[in-house]
Amino acid sequence: MSYLDKLADIRHFIFDVDGVLTNGLLHVQENGELLRQMHTRDGYALKAALEQKFAVTIITGGNSQGVIKRLNGLGITHIYSGIHHKLKTLEELVHNHNLDLSTVAYMGDDLPDYECMRAVHLAACPSDAAMEIKTISQYISPVKGGEGCVRDLIEKVLKAQNKWKIE
Amino acid sequence: MSYLDKLADIRHFIFDVDGVLTNGLLHVQENGELLRQMHTRDGYALKAALEQKFAVTIITGGNSQGVIKRLNGLGITHIYSGIHHKLKTLEELVHNHNLDLSTVAYMGDDLPDYECMRAVHLAACPSDAAMEIKTISQYISPVKGGEGCVRDLIEKVLKAQNKWKIE
Amino acid sequence: MSYLDKLADIRHFIFDVDGVLTNGLLHVQENGELLRQMHTRDGYALKAALEQKFAVTIITGGNSQGVIKRLNGLGITHIYSGIHHKLKTLEELVHNHNLDLSTVAYMGDDLPDYECMRAVHLAACPSDAAMEIKTISQYISPVKGGEGCVRDLIEKVLKAQNKWKIE
Amino acid sequence: MSYLDKLADIRHFIFDVDGVLTNGLLHVQENGELLRQMHTRDGYALKAALEQKFAVTIITGGNSQGVIKRLNGLGITHIYSGIHHKLKTLEELVHNHNLDLSTVAYMGDDLPDYECMRAVHLAACPSDAAMEIKTISQYISPVKGGEGCVRDLIEKVLKAQNKWKIE
């Protein structure tokens, strides 16, 4: 089954933060805080997905208040941060919140995302993902992490469903 | 009509911020503030345009006090920020401030700029603009957003009008 | 002896900071502080190396509390900062801490790393290292400093020893 | 006269900041402060030049206390900031401080550097300098501004004079 056929099935997006919604860089502050960079075009697409009634969930190993505030500002409220075993979080979503994995697109970039990406319907990654992640992805975006790979995936899904609107 | 022919008609520049005057990256602070990066060479060109009596207007969906201060420091005072419907702002400029659209070059990078770019004389975009924006642009700069695409456009217009001075 | 043969011998990693664990950029704050950027994928690999009982030591000419806190957070405690003569530090590790140079991989990018890299078993560098450093490196990573060259080296060593685990 | 022949004559380096010692990006803070990024490898080379008794002068249109502190920390004390007419500053150095232009290498990237670069012995620029600046440069570094172009120029001059030392 081609990833193109799967695009029509997606109702739920799950994203990793570092290396997907960011370029993986951590700006190290002298007090130990780690700041990230996010892309406006990803933000635009996340809002568009929510407006079209897609669910958006974030599962991240990191723990940045700034990232949470930014995502909240875009309308995203399902954010699981400081997660070391992401598959466990995914399974809890299935069991406690009736998440239907056959409707999920998951975009990750590195080994902590590996098991989740094996479990969902459509596994996607940025162009600079780890080799093992590329190997199991049905869709490898031409765009790097933090440079709009989230936008690229959302745009592909919404266009396949005729839900991508020109302003 | 080639974009080259339009260069001579421009008296007014309108710029988007994120993805045009910046590379689209938002530096996420822990308190939720979003910081941007701007390029010195764009700043040089904006000052040169003002010195040559061009009008410069900014229309942005964002809302950054830092960006406004930076632009004020360059001499730009017509800044519309936090704008969700940019076309409405453009129309108000036409109706209330006698903006003549046949003299306007507008540079944008993404869908919120789409309608404005259809309305003006010369629609321009950075090399990494969204596909739909490239499709309707008469001029696609070879330069990316935040890396001097604003300088590139201003320089082209001022040179066409013999107003680009070597210090 | 090919660098591939040396991978099996490594028990100890030594890394420079600027240009290796960072891209060499210093974010200059108005108070004179210099902030760095580090990559999440390097952090993942450093933790994996420690979990597999490799020793990890940092020798840097810089002096950033933020970098030290970030490295501490990853579990690295052997950090020598503000070092002007790195070879002297390396020799003290040999003489006072029984460091066995025939088990050491050292990754550096510039002339202050030169003498140490001549002394160790496996000298490695990022793709954008100084020319003299590339000349004496047995392994030149295809990855730039700060973009995952540390991950690349650790991954190569751990895979050669069958210690690289998919989550 | 080739730029290679001029390398032996240089005793004095003059550098612009934005676009030369930085990549031209300004990190816009909410309070209006503009932060810059500088490269460790440029810093290494500037210290090496001073140790070999070269004079190093900075002439910049910007006005960043952080940049001044960083440069002071490297040992550079001749810093002219907030300069709008750089040629005037250069002429004052000639008349009041006996600067001998036939010993000067000047690296700039944009039009405010134009006149100074016409006046000195060796005009150099980064690979991403403005077109007019490239046209008058005897040496166009293969390296971009802020990514080590200063190191590249200093290294070339010191090597030509047999003053570039490994460690």
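We just call them A, B, C and D in the order they show up, numbering each chain from 1.
Keep in mind that, in the parts below, contacts are C-beta pairs under 8 Å (C-beta built on N, C-alpha and C of every residue); 3 or more make two chains touch, one makes a residue touch a chain.
Every value quoted in this text rests on a predicted model; they were computed, and no experiment measured them.
Fitting chain A to chain B on Cα positions gives a rotation angle of 90°, stated in steps of 5. Centroid distances from chain D, each centroid being the mean of CA atoms, peak for A.
Mostly differing positions are employed by chain B and chain D in their mutual contact, as under half of the interface residue numbers are shared between these two copies. Note: centroid distance chain A to chain C, computed from Cα atoms, is 31 Å.
For this pair, chain A with chain D, the centres built from the Cα atoms lie 43 Å apart.
Taken residue by residue, chain B touches two or more other chains at 27, 33, whereas all remaining positions touch fewer. If the chains shown are joined wherever they touch, the resulting network closes on itself as one ring, and no chain has more or fewer than two partners.
Chain pairs that touch one another: A-B, A-C, B-D, C-D. Interface residues of chain D facing chain C in the complex, by the touch rule stated above, are 27, 33, 35-41, 43-44, 64-67, 69-70, 73, 146, 148, 166-167. Note for the complex: chain D touches chain B at residues 18-19, 24-34, 62, 110-112, 114-115, 130, 132.
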